[in-house]
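Listed next: structures, encoded as structure tokens.
In what follows, chain A forms one complex with chain B and a second complex with chain C.
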Partner chain A sequence: MAVTQTTVDTAAAMVTEAVPLADWLLVAPVLLTMAGGATAIIFRKKSFVQPWIAIATISLVILSNIGLLNHVLTNGVVTMVMGSWLPPFGIAFTADPLGALLALTASIATLCVAIFAINSIAENERRYGFYPFLLMLLCGVSGSFLTGDVFNLYVWFEVLLISSFGMQILGNEKIQIDGAVKYAVLNLIATTLLLTTTGLLYGLVGTLNMADIAGKIKALDSSGPVLAIAALYFLAFAMKAAAFPVNFWLPASYHTPRLVVAAIFAGLLTKVGVYALLRVMVLLMPEGRDWLASLIGLVAIATMLTGSLGALAQTDIRRLMGYLVIAGIGAMLAGIAVGNEVAISGAIFYAMHSVLIMTALYLLVAFMFQMSGTFSLRDIGGLYIRTPLGAAIGLVLLLAVAGLPPFTGFWAKLLLVAGALEADRGWVAAGVLVSGLLTTIAIGRLWIFAFWRGGNEHTMDGIQALPIAGSSDASEISWSIWLPLLALTALIVLIGVMPEALMSISDNGARTLLDPTEYIRSVFGGIR
Partner chain B sequence: METLFAVLIGILFAGSIYLLLSRKLVRILIGIAILGNAVNLLIFTAGRLTRDVPPIIPENSYFPLEATANPLPQALVLTAIVISFSFLAFFLVLGYRTYQELGTDDLLEMRVAEPKEHSEPPQGY
Partner chain C sequence: MNTLIFRTVAPYLSALMMLFSVFVLLRGHNEPGGGFIGGLIAVSAFAIYGIACGVSAVRRAMKYHPMSIAASGLLLAVLSVLPSIFYRQPAMTSQWLEMPFLGTVIDLSTPLFFDIGVYLVVVGAISSIALSLEERAD
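Coming up: the complex of A and B.
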């Protein structure tokens, strides 16, 4: 039987003109990391090549992300659809200033970790796939930041989750397996809850494209189902972000993996949860955010206080850092709870700051361990005399995480407090400030004990104690440890001294989130 | 039909949450397996259940002439099945290794990462 030739007008269903070259930047981070990860696996037996493959790949990703951010800032929100199917049918990748900024920050943090890991991940652990996992983690994180489709968001969450499981148990120690059980089970439940809610949302509006959802939710007759879905999304993402009271998996697991692994986890993973909250609560369901605002505010304050009080109560530096991650999550949630332009801008700025600072702090812990051979606040000491440069880096990073000027954390908290006062939510502003004070006490103690005190607990200040067994001299610290630490510190100081450029990006991101017109226009073009 | 499925999904969710609240790791893993299937059914039902009408567009037409089954939830469920299957495989190995290393499958006795007796942080400066 002869096939009858029918003329089909593909323009009705597909993008017919070629994609502009600059729009390819949108998928470049995902494609590059996947290709890099696959290449790194091929060199499993020659694992000394792997770091260089990873560093080259991530450097390309950074370049492409700089290009993307520039593209977004000059031309507005950019969209690319998979398979050229017109939205809402093709899976859309949509980059707004928020997504592009976080994707760039995440790739910078990953590069620092990749360099740090050259000498701190043992040969056999490298062979078990540290670098492929790292690249796939960045792939999942970049995908989450750039996708414009809620189901696709779930898929990227799973990509980053399975890579993080592989990294979590690298080393195969008892304590890691114990931490992995709690980390893996609770994160999988959170992701499954995300999938459940996405299914319900699909049943309600019949679409998965974010721009389409944002438009269709406004047209719904009754707001009841939307509010329920917003509440479920809040629970799912709060669990991913480790907000109180679903935060307990974080201090139970983040001190167990290798410290470079913990650095990338603390830098990226919880921030993906906060990013998804911003995306879903502010862009898709502003109605749900307004309804939940007081609850989010309470959760934010409880999270900040849990984090900063928890940090005060720790003896183990690694666990102290885990609680500082939680305190930061609370601050970002405070921005979402307030929800005006200034506060959302503050949350975006804080997310960017948190990616850099938490990565840097865990790397600092690894450095401190190498210098002193202990994680205990009781035993550590004498680091100032051994390494004045290290002490300076430590002071800058610790002051930055507490939100003291002139570093990045200060500007983020300034925006948050200004936004809260503008919206007449003084209690949220008070929460941010009290948590900042408690964090300052916690990090002040850490710096004094570790750097200022001459040796372990019973030593006087500034007196050199006997060298601690298993510790190394400052001159033995390799360049692969100094370079990422110095680079991150320099970045934090630089942004802290000149915050205007980044503040204008975060303001821009907040405006695009609060008024979805530009986002929707970018996805649907002239169609509607 | 949707109502019946809603009740079934509710029962599956209830069962899985009951198992997830257990102290035994094996029960939690079974709970996770059931949870994954409950969600798959939920997505399937959310796409509306239509029997026996394949989603095929007739020739010379741009859209189906009658209501057909929704193919998208099937694609979503397929993706979710693959993901939940691979996660379950990882979890089974993790559970087995946990039992080997820690010698217990009781979550309350897994205190290696967070030991019961920990030293207090130093007081004062």
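Coming up: the complex of A and C.
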């Protein structure tokens, strides 16, 4: 084209410096999972290669996330803007220690689920796309953790929601459709609220970039609209996170899908809601958080108590686990309610712990079902003698979820309680401790009934009942079930024994959230 | 919908619409159009053909399974994000290649391939839904 060359100074609108290769780690999880998911769809008829496509992809994602976390910890917050357009116009991907840590944890949990599913998802369900859905779910979750743009966050929420709808009804049972409807309706309401609130926020500050919002909200002269937006965001994300009183959808739907599916849901989905709360309440609108602190504290305590009391009341193991998820959400909310560095660090640590432990616990339920043939606490029993290793794994995981030392949950709760006492919010600390006690009773009941008691509830002490028909022997349990269970348990013990490294990361994450200077500088201070 | 006139016209109409959808796809970068809207036009073409001649005819005409088409589109879109890695630029930065072709210059760019990816995703996903709905109606 013979057009006269005009010189335009692109430096005002575009990134002109060379971008270090390591910054690509920011987008790698999303791109890898998308490409892997697409490949898995193309090969959906070849159900034997499906798991290996997924496992290979997720392993790459884990490696890339390890690299990203390392990059963030050595060089500070990292930002990459899409298409070279400078922020706030280009969509920014920004990773701080919080996002990078959760992205890594999520990919580890997903890998365990992908391995576990090899022998526990039926072949026709594999053809209906279990693995593509799993990869796209991880894509949405990683995108949520790494994006630096509020509207983009909404888009990633959609990606993970649509994948989760698909996974939830895998199996086409009536009860699954019932669970899926409850799950879908409440989540769609929450998503609509999220989008509306984002619209209001855009109307207020005229930008969607998180760093830009954090800066501009401080400069506003009237705080009323910000408080209203913070309250709306709190409601929207509390629904997603299953906080009291909008938590009823979780126990109503998490027992219906396949247990591996429930494992990944319990591990990842609610945590994305908590992550979004941390991001929006602490980084973007600290003023709104201060204003709502007492309310968040009350919601947190109510959530913890509903969770642990619900867990005590259940006789179906799957429902019991659903309530344990809710109790954990309450603990993380308590960290947000307190809001000082120690408590936020505790909430981040708890989120990481919760991803691992809830995934592991649902996998444990699947294992227990295979060993005993029942989900009912009345009928289950005698597992200790049949699988001592399984009993040991179960004990570790259950103690960890209750927050007893020396496992991960203990350190998270320690930070939460220490933070609450430091901030003079003893009642929040009391809530965390009481809920911990109730959870301990609930899990003690579960472990004693399932492992120690000889058989069903009518079995006398000291008698070993015959296993229920249809349950398998410990020797029939395949490696694809042992491996993820043992790996997750080992990780939980390892982090529990040596928590310093992760605590320093979560401290770092809390500092970055509470003082957004570094975050803003990473987005606007020129891209290194 | 089993009238002679419709059955005779439908293949020509679908062919015309397919052509138009490609036109809309290609003009998308600088003018109204693009992968999404182009894809929708293509799906309507398949839908009309399906109403006239039956779902199995459409499946034969598409040659590949709609889900595979959608997945390959997604793969193409992901690949189109990558080239800027070689120029040390952020992801999705557009790369242009001016190619002389029969006396004119054709601008090939990564956004074009991204758009083609979107086009394929829309064609695959929506026609997959439309075809299974039409199959139910039979």
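Here is the rule we use: the second predicted complex is superposed on the first by the 518 of 528 C-alpha atoms of A that agree within 3 Å, B and C clash if a C-alpha of one lies under 4 Å from a C-alpha of the other, contacts with A are read in each partner's own complex, and residues count from 1 in each chain.
Please note the rule applied: contacts are C-beta pairs under 8 Å (C-beta built on N, C-alpha and C of every residue); 3 or more make two chains touch, one makes a residue touch a chain.
No experiment lies behind these values; they were computed from the predicted model shown.
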Between chain B (first) and chain C (second), which does A:184 come into contact with in this model arrangement: first, second, both, or neither?
-> first
Considering only touches as defined above, state whether A:518 meets chain B (first), chain C (second), both or neither.
-> neither
Chain B or chain C: which reaches more residues on chain A?
-> B
Which partner does A:81 contact after superposing on A: first (chain B), second (chain C), both, neither?
-> second
Chain A partner, complex, touching residues on chain C are 67-68, 70-72, 74-75, 77-79, 81-82, 84-85, 88-94, 98, 105
In the complex, the residues of chain A that touch chain B are 4, 6, 12-13, 151, 155, 158, 162, 165, 169, 174-175, 177-182, 184-185, 188-189, 192, 195-196, 198-200, 202-203, 251-253, 255-256, 312-316, 376-378, 445, 448-449, 457
Mind pulling up the chain A residues that touch chain C in the complex?
-> 1, 15, 18-21, 23-24, 27, 31, 34-35, 37-39, 41-42, 44, 80-84, 90, 132, 527
Inside the complex, what are the residues of chain B that reach chain A?
-> 20, 25, 28, 32, 35-36, 39, 42-43, 45-48, 59-60, 62, 73, 76, 79-80, 83-84, 86-87, 90-91, 94-95, 97-98, 101-102, 107, 110-114, 118-122, 125
